[in-house]
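You will see two complexes here that share chain A, one where it goes with chain B and one where it goes with chain C.
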Partner chain A sequence: MPSLTLLGQSVISGLLAGGLYSLLALGLSLSWGLLRLVNLGHFALAFLGAYLTYHLGTVLHLAPWLSVLIIVPIFFGLGVGLHAIFVRFGVTEFTSLLVTFGVTVIVESIIQLVWTADFRRFETPYATASIKVGPLFVPTLELLTCLTAAGLAFATWAWLRFTYVGKALRAAAEDPAMAAAFGVNHRAQAFLLSGVSAAYAGVAGGYIALISTLAPSQIWAWLGVVFAVVIIGGLARPIGALLAGLLIGVSESVTMAVVTPAWAPLVSFSVLIGLLVLRPGRV
Partner chain B sequence: MRGRRRLVAAGLLAAGLALGALPTVGLPAFYESFLYLVFSWIALATSWSILSGYAGYFSFGHGAFFGAGMYTTATLAAAYGLPFLWTLPLAGVVAALLACGIGAVVFRVKQLRGELFGLLTLAITFVLATIVLNTPIDGGPGVYLSGVPMPRLVGSPTGTIYLLGLGLAAVTLVTAYAITRSRFGLGLFAIHDDEDVAEVKGVPTFRYKLTAFVISAGIAGVAGGIQAMYVSYVTVAETFAITVPLYVVLMSILGGARHWLGPAVGATMITASLYAFTGGESAVLGRAVVALALILVILLLPDGVVPSVRRWWFTWRSGALAGGEGRAHRVDHRLDPGAASASRTPLAVTPRVPAVTSYGDAAPGSTAPPLLECHEVWKAFGGIQALRGVSLTIALGEIVGLVGPNGSGKTTLINIISGHHGADRGRINLAETRLSARSAHEIAGLGVSRTYQIPRPFTHLSALENVALAATFGPGRCSARQARADARQWLAFTGLERRAEALPGELNLHERKFLELARALAARPRVILLDEVLSGLNPTEIASAIHLIREIQAGGATILFVEHVMRAVLELSNRVVVLNEGEVIATGSPREAMRDPHVIRVYLGKAHAA
Partner chain C sequence: MMTRLHQTRRLAAPLAGLILLALVASTGAAPTGPPIRIGSTLALTGPLAQTALLHKIAGEIYVEELNRGQGLLGRPVEWIVLDDQSKPDLARSLYEKLITVDKVDLLMGPYATSAILAAMGVAQRYQKLLIHNSFGMPHLAKYEMHIPVNPFGPEPNRTIPATVFDALAATSTPPKTVAVVTSKFPSTQFISAGARDVAAQRGLKVVLYLEYEFGTRDYGAIAARIKDAKPDFLWVGSLGLDSNQLLEAMRKLDYMPPRHLHLFPAPGPLATAPDGKLALSTTDFEEHPPFTNNPLATRWVTLFHERATKAGVPYIRVDGQAANEFAAWQVLEAAVNATKSLDDKALAQWLLKNKVDTIIGQLRFDGPNNFGDDLTKVKQVQEGKWVVVWPKEYAAPGARLLPP
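Let's look at the complex of A and B:
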């Protein structure tokens, strides 16, 4: 049995690692739940964002937060453009998965051509900074990720719950024809949502650049866990995605500390399988 | 037609033999490896489509079965010294058992949606990978098969691998072809379009899905076994990568996942184009080009290459025979007044009513014993009590009208009799057989058949296939040929014979309603449950439908029909049962029941009852 400090430390690092899961899951959950599009391209966009942050930081020596400010509007545009293709060709829930798989492969190839397949590491002074709380260390950067995820999740929740656009989006997701009969302009709102979802990928990308080592093939590494988070959290439920991300993060890191690191993936997927089999109505 | 088919079969056999003889002519090993890869992907993609293409349950877990096969062979051959060829069937069995276990749990989940099944199978792949990685099966460093002796089927080791790949691809394609032409395949296609209706029409959906999953996984397992020997070094990272599940999906969609040859065409196209870009930068570029091609194909040919090409070919051919049969037929159908009136008054073209029931049930009459009996049936949906102890009996050969205001529980009762819902309490018997607590397909097999108020045809099957399916899976259980002949007869009976090849989407409401009717009749049921067949039809159509129902009864059928069109109720029923708020409030002859003050109050309000 590991010491209490180790356990506490692993819960903290799990919570913080979960922040990134949540951040990635947020956009995915929105487009799947409200637009019925399963967007694998979300991962590609996040990594494109990460590489852009890295590039702007190492070549132009731009501060990461400035890079993210530049990236977010560009990605909003990318999201809208991608959605235009979906609309133009009447992409369904299932074909969206295939089309965005293609998009992801193309983005992966572009990244590999521009930045090569080598591992890249964005060295920043604050990458190693941390706050000491009693016997525990809280890395600043991860804490910031977590706070951003929580902030965006609550903002999105409020947006969906209290604004007209949010309500209209939820109504249209439930019954497009009925929503249209009540004057909901789903097309315009769908473009907005796609843009927002892509912008979230850009934000997540900024943090990925700072926290992890970059390689084009890493795009696929997140797929399983993040989808698990999306489903466990419930589609189009921002707070759910946040909590699920934290839950998976903690369960993984506690498994790493208590058992061995290698068994960690089993946890999230077992939770996912159990949930899908026992509570299929949730999604 | 038959001669041509034989020619095609002979051609395929010759091609297969020629391919089989290839390793003996001393081809460079490079070509043999390349062709092996094509065969391997053909086997994987085709086997994937058996469940996922035909029945529509997209699995992202094909990598798990492929990996299970790889590790079975690797473990048995490397650690236990079993001869390589012996491990292949075992690899298939292990993968099939895995699928059987997963399917037995997962397919019991009610309302398992497609994407959920996809993600579940993906998750299972990761779980399996973790287990293999952390147990002595692999343990981390990977398994080497370099010490395993390669059996010498022909001169070179690559030749042997090539032949194994060819054999597996051929077996898989033959299996896929046989399934698409079989009753099993028809059932899978029906599950793809509407699983609930398939079950109600008599398709044992659970068993079919599980069987398809097991066959699909078994083939993937064997493919994995061969692959293990081919790569001779098996690692978790390579084996359980996202490549296999994604590539098989792409290949199948690209080629056409609902056609037996589609996945093979897709597999060949993708493998060849990936091979064209091997080495260095061009590999990266190649992948991007393949991905772009994929996007374009999915956007422009959503059905896949093979079905699209087939459609072009048929259109082109019927165009080439300008003024010939194809086009003339269509014009004839649209403009010929005779054809139009024929479809409006179907009976004008039906000389003979086919016998509805194939059973030796005794002669009809009110003294006959009850054929269908509901006793104290209760059903609640959440807080809503839909049925409160409904009891009714229908004698052999009787037509009973079930009427009542909206929400009185009529359709619920039909759903419960047909097994779509289970009753909370109560008992339903068909003659001596208890129906309650049986699954819907068993009930259909016992001779209960129904229509849906809003027609629910199988959208990817033609009108003829829709009806033939009901005949195939109904209590008659006839052969495919017989089913098609029967189906034609029923289409003629309902005035749809000219629309036999049309897809349901091309039919208007009236035709779809009659298709529902034809589908219910084709099962040759003992009891037919008609749920508002007349709603939405115009007076002429109603008249012809009433005529049809009379003919059906004359053919010896027993009918329970839900209807709001009072004229039809009065004209057709021997007896009327009135439901209100889940209770039977009146029963008797139509005129009697309609004069009952309670019934009038329910239908028209209090003032009229006075």
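Let's look at the complex of A and C:
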């Protein structure tokens, strides 16, 4: 039997890993749920953000938070630009999978061209800092990632629920014709949402740069688990994405601690399949 | 054990040959005629790309040096490298293409066990010689015309751990308990499972054995289990970045095992990371004496530095990965020059009967499944770079296995 300390540590580790899953899932969930675009390019943008944070930090010696402040508006513009291309070419929910897959491959190639296929590590003095709580350790950066994910999830939820733009976006996703009849300018709001999703990818990228060692191929490493989080959490449900991320993170981590690490990748998809069986109308 | 004097003598003959070759090359005519086309794939993208890039640089240097001399059989050499994207199934298709569409004269192997195994099946079907340099599961290599240049020996699951535990046993504080944590990537899992068995046979207590999936993202729970087990020595069957991620995860728990070895880590990130201090690994070449005690090695190291810098590689020091690729080309050149032929069967027969002097040592291919001696050495991160510390005769000048 694993010790209580081991169990407690694995739960903390899972919660914090789940925070990053949620942060990555947030933008994807919004664009899929409200724009009906399955944006695989979200992962590419997140890693582009990570590489830019690394570059600004190691070459220009900018603090990571300052880098993120620069990256976020740029990525907002990138998101708007990408959406303009999608609109121009009439990309649908299904074709968005193919188009954004292409975007991801292109971004991966650009990253490899600029920063090579070799590993890049943004060394910071606080990378391995932890807060000690009794016998348990809470890694500071991961905690900050988790808090950021929670903050953004609640802010996005409030935005969608209480503001005119949020309500209009939800209405347009539900019934575009009826929303238009009520004067909703879905086109303009879609650009805004696309920009926000891409900006979230930039924020996630900043944390990825600080937490992980970077390699271009790692873009694909997060794809499966984050998609599972999006589907489990429900499309366009920010709080759902947060909770699903934490659930998957803890499930994986406890499986690693109690059973074997080799079984951890099965967890997210087992939870997903279980949910789809129990609640088939989820997506 | 071979003394340094014996080693110098052993290197003297090939060195004289190389100098003679260089003199002949400098006075001889440039290669002419249609190029000899040598085809291979490398993982230029995908999770193995970081290490495959080192192989590409090493191979390109060799081919350019070859063409700067007299080429092969007086003809220039053209190396066709296709990107297998770190996917064995794609490597299989691309080797098929190289043979049937590109109609290359000779093959060179891809990077890493899975892709090599895939390529070997194709080479066997077309009866092509396959020289490769990173195959970690010798018992699976049944093709008679494959030539393994990486000197793991026929039983790396037994001999590599034995070398490591010999090195540790020779220290003043040999470990009593061992934890083995390994990726499920075929070769690392195979050798690490062997480490568990060898440790137990030597009377060490194996307090933890874990396998994790290739591509695991979060090492927090694994780190917690290692901390819980408190081993004197941690064996990590890692590939690429796994080691860095695991060490960081353990650091966040304010824990670090007294000693830790990493099987196939990305050399740069581990050597330069703060947590990589005094980490151990295995190798067959590092850029210090006695490995660099000849002009060829010195020149090759200089060229590699230049190329790696130009390619934007952050850690440019030469290690076993790049050296094995270089040695593979040396083996091919030796066979072609000796047989004066490009016939796959003739080349294979010659290689199976003869020893070849290379930058990583003298290689033979007459053992079980064509594997020769295990030339594995143990290296350690000291002052931010890898240095060999065991066996003693291959240790960097003044270096020894430092205690924790």
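Note that in this section the second predicted complex is superposed on the first by the 283 of 283 C-alpha atoms of A that agree within 3 Å, B and C clash if a C-alpha of one lies under 4 Å from a C-alpha of the other, contacts with A are read in each partner's own complex, and residues count from 1 in each chain.
In the analysis below, a contact is a pair of C-beta atoms (placed from the backbone, for glycine too) under 8 Å apart; a residue touches a chain by one contact, two chains touch by 3 or more.
Every value quoted in this text rests on a predicted model; they were computed, and no experiment measured them.
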- So if we stack both complexes on chain A, do chain B and chain C clash, or do they fit? clash
- Message: Just checking: does A:R120 make contact with chain B only, chain C only, both, or neither of them? Give me first, second, both or neither.
- Response: second
- When the two structures are overlaid on chain A, which partner does A:V38 contact: first (chain B), second (chain C), both, or neither? first
- Report for A:E93: first if it touches chain B alone, second if chain C alone, otherwise both or neither. first
- Message: With both complexes superposed on chain A, which partner does A:Q112 reach: first (chain B), second (chain C), both or neither?
- Response: both
- Determine, under the contact definition given at the top, whether A:V277 touches first (chain B), second (chain C), both, or neither. first
- Task: Could you say whether A:A262 touches chain B, chain C, both of them, or neither, answering first, second, both or neither?
- Result: both
- Message: Tell me the contact category for A:A228 with respect to chain B and chain C: first, second, both or neither.
- Response: first
- Query: Touching A:N185, do we find chain B (first), chain C (second), both, or neither?
  - Reply: neither
- Task: Once the structures are lined up on chain A, find the stretch of chain C hitting chain B; candidates are 6-14, 24-32, 96-104 or 168-176.
- Result: 96-104
- Note: overlapping chain A surface for chain B and chain C spans 108-109, 112, 260, 262, 265
- Provide the residue numbers of chain C that touch chain A in the complex, in ascending order. 44-47, 49-50, 52-53, 86, 184, 210-213, 215-218, 220-225, 227-228, 240-241, 244-245, 248-249, 251-254, 266, 268-269, 272-275, 311-315
- Task: Would you pull the chain A residues touching chain B in the complex into a rising list?
- Result: 38, 85, 89, 91, 93-95, 97-99, 101-106, 108-110, 112-113, 220, 223-224, 227-228, 231, 260, 262-263, 265-266, 269-270, 272-273, 276-277, 280-281, 283
- Note on the structure: Touching chain A in the complex, chain B uses residues 58, 105-106, 109-116, 118-120, 122-124, 126-127, 129-131, 133-134, 140, 241-242, 246, 249-250, 253, 281, 284-285, 287-288, 290-292, 294-295, 298-300, 302
- Message: Which stretch or stretches of chain A touch chain C in the complex?
- Response: 2-3, 5-6, 9-10, 12-14, 16-17, 108-109, 112, 115-121, 123, 127-130, 132, 137, 139, 142, 212-213, 215-218, 221-222, 225, 249, 252-254, 256-257, 260-262, 264-265
